[in-house]
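Note that the chains take the letters A, B, C and D in the order they are written out, and that residue 1 is the start of every chain.
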Amino acid sequence: MGKGRVEAFTDGVVAIIITIMVLELKVPHGEDFSTLAPLWPVFLSYVLSFIYVGIYWNNLHNMFHTVQRVDGRVLWANLNLLFWLSLMPVTTAFMGENHFAPVPVAVYGAELALCAAAYIILAVMLHRLHSNDTAFARALGSDRKGRISLALYIAAIPLTFISQWIGVAIYVLVAMIWFVPDRRFERVIEK
Amino acid sequence: MGKGRVEAFTDGVVAIIITIMVLELKVPHGEDFSTLAPLWPVFLSYVLSFIYVGIYWNNLHNMFHTVQRVDGRVLWANLNLLFWLSLMPVTTAFMGENHFAPVPVAVYGAELALCAAAYIILAVMLHRLHSNDTAFARALGSDRKGRISLALYIAAIPLTFISQWIGVAIYVLVAMIWFVPDRRFERVIEK
Amino acid sequence: MGKGRVEAFTDGVVAIIITIMVLELKVPHGEDFSTLAPLWPVFLSYVLSFIYVGIYWNNLHNMFHTVQRVDGRVLWANLNLLFWLSLMPVTTAFMGENHFAPVPVAVYGAELALCAAAYIILAVMLHRLHSNDTAFARALGSDRKGRISLALYIAAIPLTFISQWIGVAIYVLVAMIWFVPDRRFERVIEK
Amino acid sequence: MGKGRVEAFTDGVVAIIITIMVLELKVPHGEDFSTLAPLWPVFLSYVLSFIYVGIYWNNLHNMFHTVQRVDGRVLWANLNLLFWLSLMPVTTAFMGENHFAPVPVAVYGAELALCAAAYIILAVMLHRLHSNDTAFARALGSDRKGRISLALYIAAIPLTFISQWIGVAIYVLVAMIWFVPDRRFERVIEK
């Protein structure tokens, strides 16, 4: 089964997710600067999610670039990841509209953890189709970065109830780690 | 007439449908876990529809892969299918927001039946263009799976008024049958 | 300048327009069949517009298929057409939510007239780039069909104020004329 | 790293932005012409933004056409531009719904300035990857047009508080300057 179909569909869905997120940024009613003030938390959570979806687009694209073949399991593992990513607009707005209150921040962390777990499952499903000496397997390695991120998101959820800012700090930190495109795949692509 | 144009447009529309469905998942107002409780039925109907649209994407893609040519009738049969699929976000939200009440569950069944019928019509229109010894015709066969699904959806509609959970059970069952990508076309593609 | 870029962008925008139109079909509140009754006019206007956008997709695709080159004027003539098409979701909902009242039906006719005029302008701009013996010019011919449609839409606007059903009948009639894909371009593509 | 991935994703996101903007054009409630009157400012700001997004699509497409390679920095500079462009639907509606009041007009100017700055940053990041004798560098030149536009947007912000129509006039003026596709890149593409 060709990978082109999965790549194009994934790119399409991610492009739509990153763009419709803005529809949750409600147009402020009123004509002076004070009407913009309550928008700040919504805006900041939008910025964070835009960066996260950008990271997923980049990493998914790099990963599929080194992939040689896909099968039905990969396809559903990919749809599973797209499902959790598709919830990003809702969890982002939930966190922003409630001014980073503990429960919404924890829910956002659960969302990030579920996306990260879905990404790991996708990588495992792809690994089953590629022997250890393929470009894909070498690039993926032990996927330490993916597993550490998942552990950090899970850790952030209870810490949010001590202070939500610990949770937010962890999400920003992990985003910064991933901000640099996943060099593992890029190094292999360059060869 | 080339099939590429129909394939790309279909993939685009399906990618948009699967993604904008999330816009019906309204952001909860409130900062504690209790505000999330009423979202469960909406979320579960979203999961079911996401899987259904994923199944359609997969089967449409496999079907067009083995197709050799299309004509104006195929094009409108395909737009007819996309039309019924495009109603998925509305019927999904109708079922979820009313906590799986009988009428919305029956309406959702009618929606699934109309999509299934449109898929069968599309297959018939394509069959007219392909003789019985083409890859497409061999892969499609008698399309028993498609016809049984349609019969089950139609049966589910009156059964919903005995108990809506019979209807929901049928929709989940048929989704599970189709969850595995349509091997008929895959087997032919692999050759 | 290559035509591929204009084709892909146009297909993308049309796919989005045809799909987001459903977002104007508001989810009914209530659990019995009576809640669906007021949706009928909205649904019927949605069906009509879905067919119209389908027709535009089909004709645009056929037209660009025979085109050999585009320039900056074609590009803006095309964006002008996409602009008027992008208003389709709003005018459709305006007509449907007001149960085909005369003013909304007239506004919908104006929208169709503006789309038709934009299509004619696009064809003229493309004609300037193609001599009369090109496949494009032969296929376009005198574009009688496009001009008659425009005349019918314009005629429908005042007739709507005698009875809105005259307007609606004209829109349905013209859609039926165009329902068959524009054979002019298909005939040329087949050669 | 291939540029194709960035080009396709950018085209997709821009196509979605230009189309979902219409969702902020709320369907008027009422059946006579007077219900359309308050829509004029919203409609006019929609027209302006549609032209601006069209200009960005055109210029981005021309720019990437002459580009030979991209790297991680270009990718994030491009996502940065897409981020600011994605706010266009919100700032457009904010300006339109408040009938071009000074603060919303100034906010719209800030939005245009941020998009222009992001475009300049993207051009600089691309310039770092292309020596001065490449087609890209010759086409970009000193990018005077981009820098003058940015200066005009920034100048418009304070002038808005003297009269908002000065701000609006500047936005219309700059749009007219860019309306003609960026001939610098076209001239190079033609060769």
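General remarks:
One rule holds for everything that comes next: a residue touches a chain if its C-beta (ideal position, glycine included) is under 8 Å from a C-beta of that chain, and two chains touch if they have at least 3 such contacts.
Computed from a prediction, not measured in an experiment: that's the story for all the values here.
Contacts with chain A and chain B are shared by no chain at all.
The chains in contact with chain B and with chain C alike: there are none.
Mean C-alpha positions place chain A and chain C at a centre distance of 38 Å. Between the CA-based centres of chain C and chain D the separation comes to 27 Å, rounded to the whole angstrom.
Shown for chain B are the residues that touch two or more other chains, namely 12, 16, 20, 23.
Here, these are the chain pairs in contact: A-B, A-D, B-C, C-D.
By the touch criterion stated above, chain D contacts chain C in their complex at residues 11-12, 14-16, 18-23, 25, 27-33, 36, 47, 50, 54, 57-58, 61, 179-181, 186, 189-190.
Chain contact summary for the complex, chain A toward chain B: residues 1, 5, 8-9, 12-13, 16-17, 20, 23-24, 72, 75-76, 79, 82-83, 86-87, 89-90, 93-94, 97-98, 101-104, 107.
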